[in-house]
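As written, the chains take the letters A, B, C and D, and residue 1 is the first residue of each chain.
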Amino acid sequence: MSEQKLRISFIGTGVMGGPMAGHLVKAGHDLTVYNRTRAKADAWVRDYGGAVAATPAEAAKDADVVLSCVGNDDDLAQVTLGRDGAFKAMAKGALFIDHTTVSARIARQLSVEAEGLGLLSVDAPVSGGESGAQAGTLSAMCGGTKAAFDAAEPIMRAYAARITHIGGPGAGQTTKMVNQIAIAGVVEGLSEALRFAQASKLDTDKVFEAVSGGAAASWQMLNRWGTMAKDEFDFGFAVDWMRKDLGLALDEARVNGATLPVASLVDQFYAEVQKAGGGRKDTSSLVTRLPK
Amino acid sequence: MSEQKLRISFIGTGVMGGPMAGHLVKAGHDLTVYNRTRAKADAWVRDYGGAVAATPAEAAKDADVVLSCVGNDDDLAQVTLGRDGAFKAMAKGALFIDHTTVSARIARQLSVEAEGLGLLSVDAPVSGGESGAQAGTLSAMCGGTKAAFDAAEPIMRAYAARITHIGGPGAGQTTKMVNQIAIAGVVEGLSEALRFAQASKLDTDKVFEAVSGGAAASWQMLNRWGTMAKDEFDFGFAVDWMRKDLGLALDEARVNGATLPVASLVDQFYAEVQKAGGGRKDTSSLVTRLPK
Amino acid sequence: MSEQKLRISFIGTGVMGGPMAGHLVKAGHDLTVYNRTRAKADAWVRDYGGAVAATPAEAAKDADVVLSCVGNDDDLAQVTLGRDGAFKAMAKGALFIDHTTVSARIARQLSVEAEGLGLLSVDAPVSGGESGAQAGTLSAMCGGTKAAFDAAEPIMRAYAARITHIGGPGAGQTTKMVNQIAIAGVVEGLSEALRFAQASKLDTDKVFEAVSGGAAASWQMLNRWGTMAKDEFDFGFAVDWMRKDLGLALDEARVNGATLPVASLVDQFYAEVQKAGGGRKDTSSLVTRLPK
Amino acid sequence: MSEQKLRISFIGTGVMGGPMAGHLVKAGHDLTVYNRTRAKADAWVRDYGGAVAATPAEAAKDADVVLSCVGNDDDLAQVTLGRDGAFKAMAKGALFIDHTTVSARIARQLSVEAEGLGLLSVDAPVSGGESGAQAGTLSAMCGGTKAAFDAAEPIMRAYAARITHIGGPGAGQTTKMVNQIAIAGVVEGLSEALRFAQASKLDTDKVFEAVSGGAAASWQMLNRWGTMAKDEFDFGFAVDWMRKDLGLALDEARVNGATLPVASLVDQFYAEVQKAGGGRKDTSSLVTRLPK
């Protein structure tokens, strides 16, 4: 399938979706894009070529594959099942891939709807951030049937370096939650460690040298310790998104019975960061709520 | 200095100190060891050669260098400043290196005492665990004067792969605390993430595949996710030691003013693990207090 | 109004609603009740007289006042705005009082719908539990216009001892959240205090005598310390309800920007209690997750 | 004994000890006082009469009863067992009562020392604050033998309204810890509740009216909600003392095995308050770290 030229619709040409759709063009596919704010779709077409559709339904008509990367559950429901949503316009046998980070519940619901309509569907939230989207090196965590995954995998190769089929519908979303839960603990631990080092008047570069090779090491330490020490947060994965994602995990935990004491606490700490105006800052700005 | 054959005393031939002292023999030095439980010192000598002393003072007499790796503050005070302690027997200009994880306060106190006696001293807690001690690949985080560090560094090369001079007396200990604080957050985040994955009935191997390459990755994830998923905890760094270390960090934070919400919470969670009989288990057994 | 005989419909004759509706009969009103499980409504009528309706709409027709005390947001939406919901059947100028603990959002939404239909409406969640409902000594926290509150107040006198008009629509619900947030902290503090006393082998009766008159005192201490010490939890306000309520507060906090670190943590601790089978136990069973 | 005129020494005429000693004068006893800062003892004598001693030992000589209310463990050790400490000067059969809030360990140690010297001793930390000391309405939580308690009880009647014998040596101190642990949860819950009410734009007086009579009620709510709502904190029990006390409880928990997740977290939150300069403010200032 990867060598075929496909008719692909991409819904949501934002920070993540824009470059992902761009990679699909580079992979040789025919793209039609739809975005709520039309201007963004127009700009995308100026950059990459392809067509703009006026509604998700219009975009989805005649498409072999429809992808979405929108904001949250409501947004996703609207562009798929809403009045001008994509689902009713998609041809039997077409493939739907969603890259939005949403609840497992809506992922499962869309899978059921898709099945009823004879569509293949995959929930495939990504990690790797804006830079990963631009570089085409995202990780995609996928839920869906084997058939759906097999169909989706070669397409996602255009922008994802690591593509894992975890399990049935919703498994992509719950895996993304696992990811965010782990991050919450890491970043808070790192924040406390850094502030403690500063309170101890230690040279934070030397501390990094000493501790970054062992059992305390983490991607966050390797990539954020230095910027946190310099109070630099204007980049990366936004606190607002993190709160949304932790909210999804906490909601899902109400269903699956898992307990998340520190993730829930960190979620509240992020609320403090938001309140102080840091909603658009990188998640490592969690450190800013700890007094220096 | 590293090429010189030195007279070295090692106090505390336990899990960590034993192999460390062994590496010093292999590096060509003359070793005299002391251990509270004499049998352990005797066994060490059978393995490595060298002499056994009856007291720290006896061991320290005529030594160029005295090292210690005992249990806690009280132990360290006893073997250095106690009635038969090493300090009073050490010759002017001799070097003292402590590898015990203790409070910054006692590290600073020993430095002051050492200075008064004309000794050089370094606080150099290590990380890397039993396996690191055996392989000679420990990390040593060092506090002390430049002169003391410069004298100590070539000796530590025998068993440490990463040796960092962080700052003045106590800086080694506070850096070790930074390390443990970071670990507390990482391990709790990882524990919650794993239990959430299990509650979601995800294949934990596939989840690992999906999330271990990105922003959620950590040494703990790479080295403990698999064993945690299999409920294997009979190895590694013991919960009892971790509680001691977190206790040191929490005490120091009362002095330096840092706030450690999650480290303090995780310390209490470890208390639950201890209460359930897990004091000797690896720190990753933190996950066991989360219901499955 | 309180002396008038009114036609009143009560929707949801459960643990709370049943006795509340009973008090309205005793106050001299004409009651029609509706309950999802018909048998419960029938049993109620055997006890108190009055009529049973087949749907909320049927109950609401010709009623001067419609009250509800159902389970959650979905339930409330169904019995008011649903296909056979009460709202479309109510006469202009009729009064709607909801006693369910629900989100502020649905309370505000119902207020808007009611206004559009020319109805008066009050959100009036209660506290005081089953025993308060039976004794007619509940506290009602009310949101709505002054006109709506003034109309509702004399009716609620039948079963509420403390009736407070807090503010506009939704203010009753957010006040109930305030109540539950405060309780979460109190009960966790009390739980830790009790376990600490037990771990210290103190006589818990004597400890109670010593501390229950001062700054540590609380309703929970005065009413639950003794039962907690005896591991008695088969009564009172259920953990499942508490989690629902804390969930409402945590959701509302995402909107109003408040931060709830300990309420969120306690909510997770309650998840552990649920997981261990304690969902129907009193909230004081929070103590059971702390090792003895 | 209460009707007898006794020779009493009081060590530590600070905020608490000063008025307590004053009540003993009013009860008809002969007082000798000692205080580290002599001026405070002199001022006390100007107010109440009696004599000033130059050292604890001097004060203790010929005394029937020695009482202390100093700062912490080190202070207490110094005034009892130190070079000029009271113990060596006390006559066989004399009674020692300590009102300082200290560790159970030192309380037990003093009891052992006292027994060796043929003294009776009681650990009797108090609650009720400065106003309780002045009004003579403190609560005293007592540990010690029955004989010691029976001797101490009539003396304490001069300034304590509630005097409870909990158990053997140290039981007074561990009971005080129980008290502080409970308070930590209550005050944090109250703080979150208040900020939530404010974030919801509720009239906090009305909220108080609605919730202060039920299951959320507490001494803290009844006495602090109003002042917290007005950001008034210049009175009451200082954050610095609270941190000391929580520190004692957390240390004791390491020994008795209790787990204190929220007490430990609140202790860290108080560290934030201290860092922001609030160390001398009332404990209810915990609310100030939550963003408004």
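Just so we're on the same page, a contact is a pair of C-beta atoms (placed from the backbone, for glycine too) under 8 Å apart; a residue touches a chain by one contact, two chains touch by 3 or more.
These numbers were taken from a predicted model, which means no experiment stands behind them.
Participant: Could you pull out the chain whose C-alpha mean position is farthest off from that of chain B?
Facilitator: The most remote chain is C.
Participant: Upon optimal superposition of chain A on chain B over Cα atoms, what rotation angle is obtained, reported to the nearest 5 degrees?
Facilitator: 180
Participant: Looking at chain pairs B-C and A-C, which one is connected by more C-beta pairs in contact?
Facilitator: Ranking B-C and A-C by C-beta contacts puts A-C first.
Participant: Centroid from C-alpha atoms only, then distance chain A to chain C, rounded to Å. What do you get?
Facilitator: Chain centroid spacing, chain A to chain C, equals 39 Å.
Participant: Distance between chain B and chain C based on Cα centroids, please, to the nearest Å.
Facilitator: 54
Participant: For chain D, which residues are shared contacts with two or more other chains?
Facilitator: 253, 257-261, 265, 269, 272, 275, 290-291 - these are the residues of chain D that touch more than one other chain.
Participant: Show which residues of chain B lie in contact with chain A when the two form their complex.
Facilitator: The contact residues of chain B facing chain A are 104, 127-129, 139, 141, 162, 164-167, 171, 174-175, 177-190, 192-203, 206-207, 209-211, 213-221, 223, 237, 249, 252-253, 256-263, 265-266, 269, 290-291.
Participant: Considering only the defined contacts, which chain A positions touch chain C in the complex?
Facilitator: Listed in rising order, the residues are 243, 247, 250, 253-254, 257-261, 264-265, 267-269, 271-272, 274-275.
Participant: Would you pull the chain C residues touching chain B in the complex into a rising list?
Facilitator: 261, 265, 272, 275-276, 290-291
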